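Next come two complexes, and both contain chain A; in the first it sits with chain B, in the second with chain C.
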Partner chain A sequence: MGKVIAIAGNTVREVVRDKVFYILVFFAVLLIAVSKALGWISMEQDVKVMKDFSIAAINLFVLLITIFLGTTLVYKEIDKRTIYTILSKDVGRWQFVLGKYFGLLAAASMCMAGMTAVFIVYLLVMGGGVEASLFLAVGGMLLELMLITSVSLLFSGLTSPVLSAFITFCFFLLGHSVEVLRKFVEEFEFQGLEPMANAIYYLFPNLENCNFKMYVGSGTLPEAAHVLWAAAYAAGYSAALIGITLVIYRRKDF
Partner chain B sequence: MKAIEIENLAKVYRRGFWGTRFTALSGLSLSVEEGEIYGFIGANGAGKTTTFKILMGIAKPTSGSARILGTDISARGARMKAGYLPEESYYYNYLTARELLRFYGRLQGMRGRDVAARSGAILESVGLAESADARLGEFSKGMRQRFGIAQALVNDPAVLFLDEPLTGLDPPGRKGLRDLILDLKRRGKTVFFSSHILSDAEAICDRIAVLDRGGLVAEGPIGKLLGSKVKSYELQISGAQPDAVKDLGIGVGIRSDAGIVHVTLDGTADPDAVIDRVRSAGGKVVALIPVRETLEEFFMRSGPSGAHGGLGGFGGGA
Partner chain C sequence: MALKQAVVDCAAAAAIAGSMLASAALMQAQLVPFKKAVPRGAHYIPSHKFMKLASFGFDKAAADLFWLDSIQYFHDEMFAKGRLAVRAPLYSKMAGLVTDLDPDFKDAYYAAGVFLSLVGRLNESEEILDKARRKHPETYFFPFELGTLLYLDPRRDESEAEFEARKLRGVERFKEALGCKDCPAFEAEFMRKVLLSKGQTSAVFELLKRKFDNEKDPMLRKHWLSKLEQTLAEGWESGIRLAVMDHRRAFGGFPLDLGVLPAAPGLPRLKRAGRNGRWQAYMSGTGGPPPLEEFRDAFFYDPSTGEAASAYLVNLSDRLKKAAVDEAQAVFAIRTGRRAGTLEELYKVAGLRSVGAPLLGRYVLDSEGRLAVAGDGAADNGNR
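Right, the complex of A and B next:
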């Protein structure tokens, strides 16, 4: 496990020394700051708007950072041949894949934690309150992050960064739409499309399972079983994708 | 125990949309003894880097097997006692030399404090002690190459695999690296290295293998491969005019430099008889130098299919 941690630590270091990372974080913080302005133009809903907007901004920028890092870092390792000096050491390919995965996840999580901390401080300064649902929403985003990171890692070693970023983004969009798509096909009885809707539903991750943002400011919380199911689902789906990545990397020539 | 054993190693790549087969390595067999410097010589595309990549677990062989210090390369721990410098090596530009050594040490299962204890000495041995805390992104090509050697040495390996280590270095850098390789041999290490710079290989290798189009075409000690046959002699004479020497009719080429007449004699000439004739004409023989085939000439004759000579001369190999 020490080698996985070493590769993960190196990945985190690579991320935090990349200027693009700070540019994305800067824009996220800027959007959080701007959220107050949006709050002012809404009638007596300023804190609610501020929370919704800021959480959406954190979600968007963490997604962008995850896609950017996930699709470029492994590709760069292969393209720049730094992977040669790793695999030639006493390192199994599974250790490389897991190290990269946990490194990317740790970097994106740190980034999300940083943005959330800025948001909470800003919220308190602006007179808003911090409730448990806010942390639950962030936890849900973390589960989504686990899934998206495993998708980006799978494709980053197979294709170019642009294409793998596109595929990962498609996973994100479809992941938030699979439930709606299936219900839509069922409701309007598009019988010919049902098999396709079902295939998409089972093939793509259902990211709405991890979406707890609707509880922020509502005064309610989901049942514990729902949260546990979401965590198990995200962990299971991510593990399956990492498993596929491991099989591909085991056979791959670099 | 052999340091490296390679048996019938083959690698076929599939390229392009249609998966066209390309044979990079075909039935390569060789073995390297512990403590020797083994040169792996071949033109571009001969299969040298593919061999290194297979031995280092970066590529999978299509068939055949290989062992490092008796351990099969597919087994865990096969590279525990190996160090590798890739050709045109790239490193993480955002890390310092010391940080990167620590990272590579941990990948070899070393504890942080053990790597820290070794880092200073390793960087000192490759002449990078003063740049230990500089980022790799600030290093020149020569410095990066020297760092490559340092990272290969981090775990104090018994066997070193150096793919084109001398490429891109200036003459002092090459000299320094040659000395370092010889020092490693003195310390009992085995060095398996490829090079395009044949004079360097000739200077330091105990044995060489010549690779062409993925197959071995010649292998053995340099002295044995080049043979003891004298190709020509260079005779140096003082106290005689070039025209007078020319009149003796002893050589195939005559030139004069700083009062010394240099005469090239055919390899079949009788040096004693020539010296007698020079002396009888009043000349003084300063030196008689036998000229043997160089590794470069041998390589051009036996190895590279793209160069003159083709594969003539050596039909061996696997």
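Right, the complex of A and C next:
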């Protein structure tokens, strides 16, 4: 476990040293700040618009950080041959994969926590109120992050960073669409497509399960069972993907 | 020498950069008129199903963007360019899209409902307000607005029966709104009056009782209790008037004494009591249903005209009028430096318009400038 933590710590340092990380954080904070300006032109809906755009900004930029940095993590290790140095020591491949996964997740979570703190302070300064659903939405994003990190890690060691980033981004888009796609097929009665839509629905990660952004400003909260099932789903799916990653990495000739 | 060369180089670089930026700014200025001339094309409103798919989990942010776009575009099209008839249907679609993406966006429902009714798109306004009240059954505003639209809107292109059916749907929406916890007192009073005028006394009583039972604030409990009393007194007063008219039809004249009226549901048991030369009747039986078991009322009755009036309601009306007169006296004092001696003065100087005209004749101002009933004074209210 100590080795996993050591690799995770090293991954966090590696991510934090990357300039892309700061550029993305800068743009996220900028978008949070600009959300107030959008609020001005929204007919007394400034706080709502601020909340919606800031949460969207946090979600989007943390996702980009995870994709851009996650997809290059293992690739860089292979490219620079530093992976041989690590694996030649008494470090198992599973420890390496888990260390990378938790390191990337920790870095992205810290970044998200920082952005959320900035957003909350900004919201309070601008006269908005903080509600429990805001934290729930951020919690949902963290679950989504768990899934996306495992996807990015899976492809990081398989293909080039560009292709890997592209595939991970497609997973994100598909993850948010599987539910609607299935409804489409049902509603328009595309008979032949139903099995395929069902297969996509159950096989691909359904990121809408972790989407609690809709509750922000609604004055309601989801049931505890809903949140727990979503957390279990994200954890289970991520574990499955990490398992696949481990199998692939075991067969790889590093 | 080297420093001089460096300064020259810097100056040259600054001059080149400055001139390039200046020329870029000039070119930008040249482009401005072209941009203004570029028309904004047809406003494309995607279907909500497509947008749900394309928003990738950012439904609320997408709804906000469409909302911002719609309020600017439609304001520009409708009010600046005057394309009211052409663009109004698009507004309804836009509102539908925004509220599909963010069903909790109450202001979008509200703005669309009000705006569409203002521009005469009543069916679409009804549709969006109906959608809002289904999504937010706890919010009084949507059924209230919908009820107002259905009940108060003049007859459209519809038959008499359809018009009446619409009004009845409006009454149902008022009942719904009155039952909401957040319904403010002013709107509640308006709806109470409408429902009473439609003979919905028991429904109003039940809704007010629910409000009273669920209210924790003592001041508001008192308010809802007084509204219950008022509703009960109005029901009794109306029942007595109807019974007096029935008596006239049956016997050819008004009864001399309200005590002779036969017992009927919703009608209090009354006994005659003469006072100050005016006929009055006091309740002899029990009060109203819970929580008004102890409530009693007395009734003025004039056997020559058959007019009956609840003492409680007369007192209530007097209290409101007295408060209005006191307020008008304060305004009068500021303007003239003295208190008004007559109601006519108050009416002219302090603008006592709301209750001014009906006051003249029946009321006078006493020596302190307060309102007093001319003649025999205000009525007593039973045992309360």
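Here is the rule we go by: the second predicted complex is superposed on the first by the 254 of 254 C-alpha atoms of A that agree within 3 Å, B and C clash if a C-alpha of one lies under 4 Å from a C-alpha of the other, contacts with A are read in each partner's own complex, and residues count from 1 in each chain.
Note that contacts are C-beta pairs under 8 Å (C-beta built on N, C-alpha and C of every residue); 3 or more make two chains touch, one makes a residue touch a chain.
Keep in mind that what you see is a predicted model, and the values were worked out from it rather than measured.
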Superposition on chain A - do chain B and chain C clash or fit: fit
Taking CA centres after the superposition, what's the angle at chain A between the directions to chain B and chain C, given in steps of 10 degrees? 170
For the three-chain arrangement built by superposition, which of chain B and chain C touches the greater number of chain A residues? C
Once the structures are superposed on A, label A:Gly92 by its partner contacts, choosing first (chain B), second (chain C), both or neither. first
In the overlay, answer first, second, both or neither for which of chain B and chain C A:Glu131 touches. neither
After superposition on the shared chain, which partner residues are touched by A:Glu186: those of chain B (first), chain C (second), both, or neither? neither
For A:Arg251, is the partner it touches chain B (first), chain C (second), both, or none of the two (neither)? first
Applying the document's definition of touch, where does A:Tyr84 land relative to chain B and chain C: first, second, both, or neither? first
Kindly classify A:Phe53 by the partners it touches after superposition: chain B alone (first), chain C alone (second), both, or neither? second
Lowest C-alpha to C-alpha distance for chain C against chain B (Å): 30
Starting from the residues of chain A touching chain B, keep only those that also touch chain C in the other complex, and list them. none
Chain B residues touching chain A - in the complex, by the definition given at the top: 13, 53, 56-60, 76-80, 82, 84, 86, 88-92, 94-95, 99, 103-104, 106-109, 151, 155, 161
Per the touch rule above, chain A residues touching chain B in the complex are 2-3, 6-7, 10, 13-14, 17-18, 80-92, 251, 253-254
Mind listing the chain A positions that touch chain C in their complex? 38, 41-45, 48-49, 52-53, 55-56, 59-60, 172-173, 176-177, 180-181, 183-184, 187, 207-208, 211, 213-214, 216-219
Can you check the complex and tell me which residues of chain C touch chain A? 49, 52-53, 55-61, 63-64, 67-68, 71-72, 102, 104-105, 107, 111
